[in-house]
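Both complexes below contain chain A, partnered by chain B and then by chain C.
After this line comes the complex of A and B, so read on.
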């Protein structure tokens, strides 16, 4: 039937994701344990105390034994416990942090696609007018600025200038009040994260629209006597979307990795912040856990993007 | 005779390019009667497609209609508001295009695309329009029409796509259908089927058809009247019979001569027309065909010939005409058709001023 091929395809991809995640976590696990020094190196302990601690956490065992235990845990979805914050279980921790990151990432993606496509389409249908020039030059600024510059600039505006201007009534507070951010809290980081990519999407949409509106089938649509808006939305936009979806995969990965920088600037308790913190702490299990989670997110995001193709272009079937 | 369905008068289309103004169509006038099939023939770039697109109000950028009148049922399309023209487009005048694959939207189902003109002009709700689309596909003899309506264009064969295009054109029962090279992208057997279909539809629905083509065989098989265009102007006009039997413009004559014949016992060389069509930014003065014409005489270099009566219902724009070329220049036995070969007038009398 129609859906059997698709389901089979999803199954294959999920299996691939499992293997990728396993490979990534293994490489990171072995790599990080081979680094000189250890978790407790900053605690200035005497040799005997250090030995006792290592023993307590089982870190003095041979590497292959630790790796075997790690793999057994991973198969049960258990990533072990934190060495630095004693007693904290890692799986629920990175799970929650991944949700926080996904929340910001999803809104960033919405900015990227929504804003990018809107500006791209408007620029294309108003080609060579001031609107086109404005949007095109904004896009050039957008993708030539790294996201940390955009983030810092937005902080300056919203957390500093706006606070002064409104006497503290309206401003952006760095950091999170609850476990998950409110819309006000996530929208500015999400914008900073998505803006450079929105520029890329805007440029691509513009170019793709300009190509599509010169196609014969657009002339056919006009020859039918369709109103111009319908010609653009129904006939041009859907076809112009196809190349945009092609770059969605790399784009989602860009947003995921970009979150490492953004979360640290805005103090967001997500996977990206944990990523940096855990490496600084040499909290081995968390480092491995964060990497594992990132690998899974990238895999799933790419799968979702690929599943979008046949929805937009009927010539693609799995 | 009742007033014509379409009257085109002194139509002018220019393209404003960086290299200069391209005079794509200059002073084209013709009529189309109700239920008639009119052929417009000419080489690529002679302005035949642009003439058709201007009737639809779809001349592409940077082109513009710079003068003339296009009267459809007595109303001038060129002076109408864009919304009024849009209302006629796809309802009273429909158009089908050369390459049915690129002319159909790849991401929309065929049935929906056929139904769309009805939706655009509020002729039916979506369910009824889709049902009628299947009927239309059946009418243009698409086999398993219900199944095909659910298919996307890439799943159909070339002939079926063109049938779907025709069904789309007929959706609102227009009084006029413009077919721009409808068979060029199809293979020969399918071409014949499509032409047959157009003929049947014309007979059954009395839809007038303007058939644009460079293929003389297509014209001979389908049209009652023909217009021959060269370099943006009409050079000859007449009934198919007269035009094929007694062409009066040297261009028409050469065009007909260049059709390879299979009924000759001895193989012969392929005949072509010497030279290339002129540059329409700075067209040659006088008759635009004179640089390639074997029968040119002195006035051809300077005076543009008017389109005048050369026989009953036949008009040609030529100072010489083939009657004289045959009588005085031995055109029928002429083997060499290089410019001036028949008349002996080889060079320009006066240096034409350019630019």
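After this line comes the complex of A and C, so read on.
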């Protein structure tokens, strides 16, 4: 009985995701195909060659026919082919890039929550000490620093100064090997991506922790002789977690959008890099494809976050 | 509770005077005590001064190349050195301040123009209007804002300052609309609104003469905190090469240039990133200070 409600809820949400993805990609598709000029504007092409290219990609047909074909393709999971890198199919490309972005994003999320909660809890249980002031002011600084600024400082430290200091023995090489990179290559971009949000989490954790540790059941736990660590970790932290879970949704969206910038700095072959590249190349099919992928990712991430609520707070049920 | 003797007159007169002071005098008194916010506000005033100065005068041209040696580090004549094309970094930083502030304030003007009337109407009338606005807000919260701004810039055929401001405002109006809606919803139940209605005030007058002034505090705080977000967005867009087009300098595009040369001359990337961070921080401090001053109950 309990599970049927949950399943129904998941079904509804999935339907909503499909609808959103269709709507978003339609808007972007139509908007982008109404733009004046074409992808193939280039002085080296003669009019006849241009016509042939337009014909080859079906761009000379009426917009509604192109849109119909796009929708049919989308329903089969086919996003068409690239205009610039001729013959490259977009679906497998974007799928692989989504995995890369998800990998970096997941690690960033881990950093964000781990670091943020650790700092927040420490600041709360040492309220009004130098540790608290240090962490709180670090959080304000972190909150005001765009992720590309954090990335720049990390690069200066790990790629430039570390190389000079160790005489080139040990340093961070900007770049990416293979499809998924190595742990060393991922961790610095992931940290840059997560750090600004970690300070948001830290502020929130501190505030909710301060509220929780003043409550009666914490006093009860202490009074019955539980060690302080157990009181904090098992009793206080669990309830302090609830507000943090509620901002997970915006957090995931923030990390996804932040990855657009971070991937371009660190040369990570993910969705974000592709998105900017394809916009600059006017490879509009890929722009639509990547945006569609983003819409789907955000929808699924939000669904997962919403499914987390009842696990942490049993009062919530679907 | 020091041992300082207090004259009986101030003891009595002060609380009385305080009670008579209006919201704004009260807020100003509280804000003056917040030293961090004052320092930040002074910095921002200075920045506005620099931005206005940059309209008329910069030490060197912001677009002429080869004024300095490319990648030249700081020298007395060029305190922040030269960039990859031999342009003076300090001059470009000054003009960049102008762009950042224009985008930040311009975006908030659009956001106010969109969010305040929508929020007032939805909060006051409820019904289908509110349902429609809430749905719209939820849809906008569900899509990644930076990506929408990017796509909008493409669709608008990038990119003058106006397009950038519009694109950012479209992705940022919801916070304001939601806030004003909430304020209107709680204010409409208050007695003074009922009194105004029973006196025969028209809807327009109730919305803009009675509801709006009472919601002004939170609106000002929200608008102040929205400015750094908009500046950040512009920096993101320009960093990716989709914002302000070269050769016009923006802190974002200057940082993007600098990252390329991070190994040989880090000063090119440090100047705009530090300026950006300090400015964002200052706006956040002032916004937080205003929040504490205007609405002490909402202390976080």
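In this text, the second predicted complex is superposed on the first by the 315 of 318 C-alpha atoms of A that agree within 3 Å, B and C clash if a C-alpha of one lies under 4 Å from a C-alpha of the other, contacts with A are read in each partner's own complex, and residues count from 1 in each chain.
In the analysis below, contacts are C-beta pairs under 8 Å (C-beta built on N, C-alpha and C of every residue); 3 or more make two chains touch, one makes a residue touch a chain.
Source: prediction; values computed, not measured.
Aligning the two structures on chain A places chain B and chain C side by side, free of any clash. Within the superposed three-chain model, A:63 lies out of touch with both chain B and chain C [touch as defined at top].
Looking at the shared chain after the overlay, A:220 reaches chain B, while chain C stays out of its contact range.
Of the two partner chains, neither chain B nor chain C is touched by A:52. Judged by the touch definition given at the top, the superposed model places A:239 against chain B, while chain C stays out of reach. Counted by residues of chain A touched, the larger count belongs to C, out of chain B and chain C.
In the superposed pair of complexes, A:71 makes contact with neither chain B nor chain C. Once the two complexes are laid over each other on the shared chain, residue contacts for A:207 go to chain C alone; chain B is not touched. Once the two complexes are laid over each other on the shared chain, residue contacts for A:159 go to chain C alone; chain B is not touched. Once you line the two complexes up on chain A, you'll see the smallest CA to CA distance from chain B to chain C is 7 Å. Residue ranges on chain B touching chain A, taken from their complex, read 56, 58, 60, 86-91, 94-95, 97, 99, 102-108, 116-117, 120-121, 152, 154, 165, 168. Contact residues on chain A toward chain C in their complex (touch as defined above): 20, 24, 28, 31-32, 35-36, 140-141, 143-146, 148-149, 152-153, 155-156, 159-160, 203, 207, 250, 253, 256-258, 260-261, 264-265, 275-276, 279-280, 287, 291, 294-295, 298-299, 302. Residues of chain C touching chain A in their complex: 139, 141-147, 150-151, 154-155, 157, 228, 232, 235-236, 239-242, 255, 258-259, 262-263, 266, 269-270, 273, 276-277, 280-281, 284-285, 300.
On the chain A side of its complex with chain B, the touching residues are 215-217, 219-227, 230, 234-235, 238-239, 312-315.
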